[in-house]
Structure formats: C-alpha cells, structure tokens
C-alpha cells in the first residue's frame, strides 16, 4: 500500500521560469532514463522478486523514485507555466501548449510518449541488479548534463539532490549484486562452452579515415584469451557447441528469484 | 513524497494458479485501461492542477490506484508462477516465460508494452474530470469481464474489490465535476457559433444489410435541433463561422487550472 | 459505403501562410485528440454497436469527422506549403520538409505518428458514450487553444466552425447516454460491494510546499460517504469483498451492445 | 465531404462464425497492409497532390478503401461475436474479449495497435505511386493467404471481392505512373553520378551452408554494368561524387506535386 | 558472417559543422526511409528468400546499405559534435544533447525511435521486389531534399554518392522483377474475379473549392475499363464474387520463395 | 565498410521443425534483448566513441552480433517454414503466416515490432559499457531459457554457441570498464553531495501478506551508511543540496568520449 505526503522530498525554488529548460527537464520525467522508468523498473522487479532482502531493497528505492518523479514534475511544471503566452509556447514546443495547456505530460524532451519498452525486467535477480546499476549510471549522467545547461540556482540545487541520490542507489545495487556471492561471469545455470568462451573474434580490421585502428586492450590481450582474426574472411565455422552435460537438469530454474 | 507499506490493500488468496488467466489479468496491470494508467493519469493531472481541492482529490485517488497496481500485479504473479514448466509457458505466452521468466511486466494481455499514449491529460480541469469518469467506467467493465471468466474464489474476491473501487472513484469525479458549477456544455471560454451548434448532420443514410436504418433519438429530434440531411450530397457548405466577438480576450486562459 | 464530394464542408481561406502554425494544426489532424481519432473511434464503435439508433448516431458523427479531417488537413497543407524554402523548413520541423516535402502526414505537432492506442473502444455502449463525451471535450479545448494562437482571419473562422461542431457532438452523446435511462453509477451488470463503495480513502495528507492541503469537497463530505484516513498507515486491509450474489448469471452479458 | 450509405459494398454472409479466423481477419482491418492503411495513404496523398487528375484518382480509390474497411470490419465482427463465451475468448485472444468485449478494434492479428508508421506518404507524385503499387501488391497476397485458410463460403466470397479490387487499384496506379511519361529511373531532379550509378557491388560472397552461392542475374550481368567485387575487402573507397552541375538550381523543387 | 573494414565506403569531409543539419541527416540514419530500414528490409528478405539468385542480390544490397548506414552516421556525428555547447544544443534538439551527449542515435529528424513497423517484408518474392523499388525511390528523393538544404561541399559530395547508389539499387530490383517473367498484374496464384477487376469506381465527385474536378486519365478511360459512377449513391452492391474455380488447389503456395 | 560471407558463423541443423519454438526464437531475432539490439547498440556506440581502443572493441563485437542475427534468423526460418499448412499457422501465430508467409520478421515472440527504444546509447563511455554488461547478461539468460524449452539437438547446439558468446562479450566489456581505471562510483564529472549520498532511505516498511519484511543487507548496514527511516512520514525534507564547488567548470565535458 502507498501513502502520499504533500510535502516534496526536496524544496523546489525557481527564480526565473525558463520554458525551454522546462522542456529539457521532461527528459527526466517521462524520458527513457527518467524517474518514472526507475520507479517502475524497481517496483515491478520487487513484485517478482523472491529474495526477501532484495525485494525490500527494490521496494525502498522504487518508492523513493516515485518521490523524485514528483519533484522533477513539479520543477518542470514551474518552468513551463509561463508558456501560456503564445510566442513562448510556439518557441518551446507546440504540443505542450496546444495539447497540454502548459502542464507536464509523460513525454521526453522531444515529445515521445513514455513506453514500458524502456524497462529491463528480465526476471533473474543478478541480471535485474546489473540493469539497475546501468540505469542509475544513465540517470546520473543525464542530471549532470541538465545541471551544465542550467543557470537557475534553485533548479540546480534540486537537480544536484536528485543526481546525488542516483549514486546512492547505484552503490546500493552494486552492494546487493556483490552480496549474492556469485561468480561475476556466471549468469543462470548453464555454463558456457569452455574453449569458445575464451576466443576473441577480431571482426573489424584495417585503418579508418579518422585514424581508427585495430588496437589491443585487456579484452583481447589478457591471459587465456585466444584471438581469432577475421573469422568471416577465414570462413571460420563452429559446430557441435553443446557439451553433453551442458543442459540444466531442472527445467525452468532460471526463473525469477 | 510517497511511503510504501508492505501489506497489500486487499489480501490476495489464489487457489489453483491459472497461467492463462494470469495473462488476462495483465490487461489491468499494464493495459490501456489498467491500474498504472489510472494512477499516472490522476497523479499527473494533480501535479498540473491549480484548484487546491481537486488537486487533493486527484492525489488521493492517484495514490490509491498505485496500491491497486500492487494488488493486481501480485495476483497476476501468483497465477503466472507455475509457468516455469515449459509446456504451460508456451501455451500461454512465450514472452512471459522466455523474456520475463514468469514474472509480471508492464504489458497488456496481448503483450503490448504500456505507453503514455493511453493517458488523457488535457490540462483543463473540467475536461480532465470527464476523462477520469470515462476511464473509471472502462476499468469497471474490464474488471466485470475478468470476473465473468474466473472460477477461483480468492481471485474473484480481489477483482470484486478492485471493481467496486472504480465505482467509488467514478462517483467522486462526477461529484467534483458537478461541484465546479459549470454549464455542462461550456468547455473553456470561447462560445460555439450559435446556429451551427444546433444543427444535426445526418451523414449516414439508407438501409443496411443487417437492418441498419436511419433512426431518431433525443440527439436529432429534441427541441431546438435542426436536422441537415445529407449535407455532403447537397454540397452544403459553411463560411464565416466566427462571430466577431468570439475570441477570448486574454490569450491562454484555457490553460491548466 | 462511402462517397466523397470534392467540396469541403467549410470553405478554407488562408491569408498569409504560417508554416509554424501549420505545424501546430497537425495536432488536430494526426494528434491524439484530433479528427482522425474522432472519426475512427465513433465509426468502429458503430460497427460493433447493436443498438440500432445509437449505431446510426455513431455513423452520422463518425462520417462528419471524416469531413473535418479533410478540412483541417487542407488548412494545414496551405500553411505548410511555403516550407519549400530551406530556411523556413528547418525552423518549423525538418521531418515535414525532408521526409514529406511540405505535405501533411498523420503526425501530431511534435512529429509523433498517429496510433490506435489513442482510441477508446471498450465495447459497452454506456461506456463508449462516456468516452465520446470526454473526447469531444478534449477536441473543443484544443481548438480553443489553436484559435488563441492564431491571427489569420480565415484560419480562425475554420477553427471556430470545427470547434463549434465538437460541442454539437458532445451534446448529442450526452443526450444518447441520458436516453439509455440507466443509473449513472451502474456500469455493466455486476453491482459494487455495498459498504466498500461508499468509503473515501484519504491517501494524500499533510501540507505541501506550495500550500497544498488536505481539503474537502462533495466527494469526501457528502451523505453516505465514510472517510477512511490514511489507510496505508493504518494497515487497513480488506478481505472477502465478493458478496455471494454478486456474480452475473449469464456469462458475457457485458459484451458490445 | 463524405457521405455514408448504410448498405455495404459487398453483402457479407457468414455460415459458422469462427473467432480464430475473425482474429486473422483483423490483419486486413487494423494491420500494416490492411484497408485503413490503404484508405489513409491514398486520401492523404490526395490532400497533398497538385496534379488534379491524380488527385481525383487518389480520392476515388482512397474513398473506396473506406468502404472496404467497413466490409472487412463487419465480417470480422461477425466471426468474433461468439467470443462472448469465456472458453472461446481465451482460446483466440484475451484482449478482444477482455478489453473490447468481442468487438473489432484497430489492431492487427497479433494485437498490435495500428500506427501511421505503416504509411508511405513521401510527397513526390511518382514516388507516391510506386508506394501505392507496392501497397496493393501486399494487400493482394494477404487476401490470398486469408482465402487459403478459410472454409466458409460467404467469407471467401467477400475476400475474393476485396482481393480483386486490389488488382484493379494496382493497375490504376501503374497506369497513372506510366501516364506521367517520366524515365522510370529518374526520381526527382538531381541526376545520379554517371559512372558510380552503373557499378554493382558484390558485397556478399562465398558459398553458404544451404547451398547459397554468388550468382548472376540481369542486375549484375547486363550491358553497361560494372561489377565491383568485394569492395570492402579491397578497401575500395569513393570520393568527389558530386559533379559540379549536379545540384538542382531551384531549391525545393522536389516537393509534393 | 559479416566482416567490418574500418575505412568508410565514402570519405567523409565536413567543412563547418552544422548541428541543425546534423539533426536533419538523422532522417536517413534512423528514419522511416533511411539506411537502417533499407539494410534490414533487404537482409531479412534475403534470409527468407528461396530463389538463390535473388537471395544473393538481396544480401549484396542489404550489406551495401550497412556500409551506407556507417557513412551517414559518421557524417551526422561530425555535424552534431559541436552541440557540446549548451546554446547550440538547445537550439537543435534537447534530446540529442541531454540524452545522448551529442552522439547519433537511431532516431529520425523529429526524434522518433526507429521501428520495424517501417519495414515491408511480405514474404512473396515479386511483392518484396516491388516494395524495394518503392523504398529506393523514397530514399532517393529524401537525399535530394537534403542536398538542396546543404551548403557544405564535403557533405553534399557524400550525399550525392549515397543518392546515386539508391538509383543503382532501384534499377537492380526492377531488373530482378522483370527477370521473374511474371505478368505484372499477377500477384500470387488466385486470379481476380474477371468482370469486377475491370470496373473503376468513381467514388469522389463534384467540384472542389480549389478547383478540384472529376477528371479522366488512363485509369478510367482505357480499353476494357467500365466506370461505375458513385457506387455508394446508387447503392451498387456486389455478391457472389468467388468463381467456383478461384481457389488455389495447394494451400499455402503463396509463401516466401 | 561491411562484407558478407554466405557461410554462417555456426552450422545450423534442425531435426524436426517446430513452428511454436520458431516463434519463441524470434525473441532473440527481433526482441528487446536479441541480436539486432546488441548489434546496433554496440555499433552505434562505436560510431560515437572517441576512445580508439574501445571503438575497435565496440565494432568487433557489434559486427559479431550481426553474424549472430543471421544465425538466429536462419534457425527461426527453418522452424517456421512448415507453417505453410493452415492449421499449424493458426496455432502458432497468425501474423507470421498471414502477414509474412512463414518468413521471419523483426518482431519478438509476441509479435511486437522491434524498436530503437530498446537501445541504451547514453554517450558517456563508462555508462555505455555498463549498459553493455547488462545487455549481455539479459541475452545470456534468454538463451538459457530457450535451451531449457528445446528438445532438438541441432537447435540446442546453435543456442549453446550463441549463449557462450554472450559471456565472452560480457567479460570483454567488464575488462574494458576496469581498464578505464575510474572509481566505480564516479560517473561523469560532478561529484554527488557528500552527506546525502550516504543516506539510505527506508521507504518501504511493515510486514507483507506473504511474509515480506523490512530487512538488512550490505546496502543499509555497511560502514558510513546512515539509514533515514520512513522519510515521507517524518516529512524529512532536504534543501540546499548543491555545494558551491559542485558545478563542472567546462560545460559539456560529459559528452561522448
């Protein structure tokens, strides 16, 4: 059950409303990496989760993101309100003025309606957590960009708060993933095929017009890695990849936790 | 700010899980007229609303719908869980098993991802409320159909509760609309053009193969209504529809309240 | 069967074409609450409808909206045509110039493609009509906003005509709903659970930063209403909501009429 | 302006309703290549078209497709109606029963909502017509597949009629394209770069597992064609592709006709 | 198998980066008729194709389009890069700066995410080829418009190259269609109903406000064509359209080749 | 530039084709976490990337995923081919038979068209890599589920190969992220606000119906973490979150690398 308290989690103060910036803020309200996406991804993972401690974590953070959604929506609304004047409205975004009368809607900064296609809810706890770490990293960088494009002190304070919390959440999800105590390369139950897993395919070769080159890094020069050069050109073809014992014995083990 | 209490608003008890019915239940979880759509439509209208009493109403009901989302999601999850067995999974819906491992996702009963295109947030209070009345009516009939297709007692009890609350909300929105004290035909500020507003165009005529006919009802036979027969065929064309005084004097009055 | 007459329902005259306003007009051509949405929502409800008089009504208005779609499309095309010059095109909207060569397309003012997700076709006559009332109210307020942002006399006349007809249609749908003679709170056949339907849940409390408060209105202070304060915080939980007799006896009664 | 006559363009008779086939029929009602897509693609091209004869053609066929939409919708509705019984409903498609009460909606046979992304309205007459030829070919083959999967005589008669008309329309669009008297390879005004236009790049080579080979056809063995073998592997790179005179002198000539 | 060579198929040189034009270029990167759509439409048709020579053709051109995608993406990236400065970013498109940091994404010039709804993969070779001819014509005219709006020499050279190749491909698909040796009106196996196929329905009549008229062209005045005037108004209704022998004898012949 | 070799990267052998399983396989062809999503996410990040070594890595793996797309598409096509018979087609999925003639299309296992909304291309290298790690984990678990639902030996071998490669890629992206030598909590340049970053908000409390509890884990019990209990209920509100020095000095540093 949910309860709503009218006070915002962060006091929103706006000096001079800036409808153009209000439109940018919608990116974190109804955009792909915004607060609604975070709130729903974690809360739905929480409904599916069978690890009681992680379920609690997911519901804690999912609920906090709902409070953030309210903060960013209130902030965007304050910036968009002056769009009642036709000229401003047209400059920013006709849909906001014509279709929504200057109110916020679940759209991103280019007017795309929010869609659940943005969410990653794969139903395997260790994979869910990796998705959440990536989601928090995306949200952090988006807030940083918004701060860089904003001159209003009160708005920047609110954005700094919201940005800070993404790091708090990213760390919590990293701690939860570590806390599972799993081999970081073991996803699910079926092991990868031994030799093939250690082959690095060098599928992009030559020198590009802007100086792109065929380079090395830990991924193709580390211990135990075999580099297969230009497999397509060598018509390198693999067969019989399933070792006899690779199949999991219980069907369906890899379901949500 | 939001707070979450782990107890559900309605105790969910499921006798025999039925994955096929679990799939149907998703219609009210991530479907066009489901609980997420209701929660977000009202809460976002609430953020935009400047009538303090109606804002409170919108936040009250928006928050209750979040609690309903949790109930229907938990119920669907209970029915879908046995989909761990391959055969059942394939029968119901491969995506639920393959992509989500038997967990719930924000999809409708045919697997379409939820989209904010479902929402109606026009930013004019009296119009918002009409949308909410219509939304509650849709949700009510959807729950009724689910009840009619369900044999499990615990599931039906939960659905009956959720269905009941839609009527509670529909009445509240109707009372709020009445409470505005507006002429039910006056939307916004610019009045319709007097004579033209009273003309009923009979654009569909003749007799159909299944007995369809050109019939009368209060809409084309009431006092003050002029019927224009087959305007296209008579090349009935209108000009000069704007009376001089029709324009609102303040630009942008018709913004959110 | 349909027949098309080349004369428009309203004579469109444009003084100085304004591509930026042409782009705004697309909101009523290919937008969520525009003429295509209206034409298709009513016509498809008409195909499904089994009440012969209402079927006639739905086809009459559905067909009129097709004529409106033609008027608004022609009007938008006139305003967009000068976009042949590169500078203007870029200013308004690259897609219109680059992808469509200055012609109209089924997109809204932000370039989103029209989708049937906008439609509400629930298949129960009294619910269909409520959706249509809400749809007409949305269309009316959208036309009013367009009029407020428009200085061209001929364009404003056309918009005034189209806006007027939305009120005509809204009234017709209201009369049809009244004409069904149903209790306005009775949707479908299964009655709500008696006591629960009269409880108002106060789920949003406290005082907000902008003066939001916990207020009363007819919805939480009328006769027969019981207010349940902060149900989540009280862990107020409901069980056994289905009275034994609540289930409809005939399955499937709540289908389209 | 449009007028609607209640009689259908083709008398629809259904022997034994088959909900599963009704669901398949939705492909031509609200699917990517169905009657709505055809009606709207041609009618919107018609609004944009400046060649008066072709505009008439586009409006004639666009209007006929609206009548087809009504026929296929009525036919699908007849087959879906028995879905009032729960068992049948679940078997076919829950959304149709749960969300729409057994009525038709603008969705395809897999439940995807219709979207204007299906339309091709490029705004250059000769390109519009090529799109329409392709669209009619797609519609024809889809009707043929439906006929092959249908045993009901009345349904097959209706589908045969609709399928026949697609060939009528395809021929009309082919005649209109020929009637423009243009070089079939000249699209727009800017000519292609002479030598480069005659080079055929052989980008896929070798022998595949299922016997795929590097073969010849008129496209890589005709007069005047130069085959460039494996350009990527030879790092074949092109520069200076614009002959000085290639730019059109008038900007924006390539707008809709 | 695919191999990537870092050198671009066309050397991209940009004088003064123009973020606004970079945004327009996205139309051919992630737009409805852009290079990704072409690459995937042909390659997927290639996977399905059973005519070995046409399969080779489809893979050749599908692969070349991947190289074009890389060229247009690199070109757009060069134009968008200066968007690091806030002012420029806001002017062009907030999403590109806020959500993507000035990088390219699979979106069109209005920010719509690319969708496979753009593709036409009907699974019948002669229909596939007609779709490809239409797709190349759309891509050609789009490149021509981009060239007309561009002043940078290096950019125009790259666009001229890409535009030229669309004509090369259009001709190749036309040659392949001719090479099938089929009657151009015969799609699939079931023949159209003889008399009905030769009737032209004149469904749009009268004189329009802008001089639109009921005109003739080869489509309604050629040999063997019967014009049916205003069929709706005459309640012209057809029955029994399936000649006894029309059904194909083998089910499912009309599958992909 | 790309080159295609007709030999597949893995020899595909199918014993008894199973159309129902072919439909499931589409999840990895045109689904949210399938091979197209992987190929495009990495290749587009590669176009944007300014770190030359990571650009090479992204192009290597992006290209390999194109080869995987071809393998999974060929495998799905083999399983779907028998759908030429009507009965089988109807059982699996009408769209595949009716709209595509038994060929593969860019749709997931529930028929949803692929969309670029699935992609995560945030334009900051360390965030891109986190997204890729998560993407590979999702792909791995999806292949594992497909293997668990499959009995055909040749199909399972191919899936085992593709699954193995996801682990290879996940490790490579993890090594690349480590190789950046960044503090794992430092995303971008602006630091989080010191005290606030260490507060854990306990927003979900109480005991649930299924035994859910308020539990501890490393995220709310570690060193340096302050737990804030039920912040909403305590009306815990934060202000002045931006330390003076928090703003990055160069605007736009957080662009793609």
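Lettered A, B, C, D, E and F in written order, each chain numbered from 1.
Here is the rule we go by: a residue touches a chain if its C-beta (ideal position, glycine included) is under 8 Å from a C-beta of that chain, and two chains touch if they have at least 3 such contacts.
A quick note: this is a predicted structure, and the numbers were derived from the prediction, not measured.
Visitor: Tell me which chains count as touching both chain C and chain D.
Guide: Common neighbours, chain C/chain D: A, B, E, F.
Visitor: Pick the pair with more C-beta contacts: A-D or B-C?
Guide: If we tally the contacting C-beta pairs, B-C comes out ahead.
Visitor: Can we say the copies chain A and chain B touch using the same residue numbers, with more than half in common, or are the two sides different?
Guide: Since more than half of the residue numbers are used by both chains, the interface counts as same.
Visitor: Can you report the angle of the rotation that maps chain A onto chain C, using C-alpha atoms only, to the nearest 5 degrees?
Guide: 120
Visitor: Report the inter-chain centroid distance for chain D and chain E in whole angstrom, where each centroid is the mean of the CA atoms.
Guide: So the centre of chain D lies 11 Å away from the centre of chain E.
Visitor: Using the average of all C-alpha atoms in each chain as its centre, how far is it in Å between chain A and chain E?
Guide: Using C-alpha averages as centres, the distance is 33 Å.
Visitor: Could you give the separation in Å between the centres of chain C and chain F, each centre being the mean of its C-alpha atoms?
Guide: Result: the chain centres lie 37 Å from each other.
Visitor: Two or more other chains in contact with one residue: find those residues in chain C.
Guide: Residues 1-9, 11, 32-33, 59-60, 62-63, 67, 74, 86, 89, 99, 101, 107, 110-113, 115, 117, 122, 124, 141-142, 145, 148-149, 203-204, 206, 212-214, 231-233, 235, 251-252, 254.
Visitor: For chain E, which residues count as touching chain B in their complex?
Guide: Interface residues on chain E, with respect to chain B: 206, 233, 235.
Visitor: How about chain D: which of its residues touch chain E in the complex?
Guide: Residue positions touching the partner: 3-5, 7-11, 32-33, 52-57, 59-64, 67, 115, 117-118, 120, 122, 124, 126-127, 130-131, 133-134, 137-138, 140-142, 144-145, 147-149, 153, 156-158, 160-161, 163-165, 167-168, 170-176, 178-179, 184-185, 187-190, 192-193, 196-204, 211-220, 222, 231-233, 235-243, 246-248, 251-254.
Visitor: Which residues, counting only chain E, touch chain A once they are in their complex?
Guide: Those residues of chain E that touch chain A are 1-8, 11-12, 74, 86, 89-90, 93-95, 97-99, 101, 107, 110-113.
Visitor: Using the touch definition from the top, list the residues of chain E that touch chain C in their complex.
Guide: 20-21, 23-24, 27, 31-33, 108-112, 141-142, 145-146, 148-149, 203-210, 212-214, 230-233, 235
Visitor: If you look only at chain F, which of its residues touch chain E in the complex?
Guide: The touching residues are 1-9, 30, 36, 40, 43-45, 47-48, 59-60, 62-63, 66-67, 70, 73-74, 77, 84-86, 99-107, 113-117, 119, 121-124, 251-252, 254-256.
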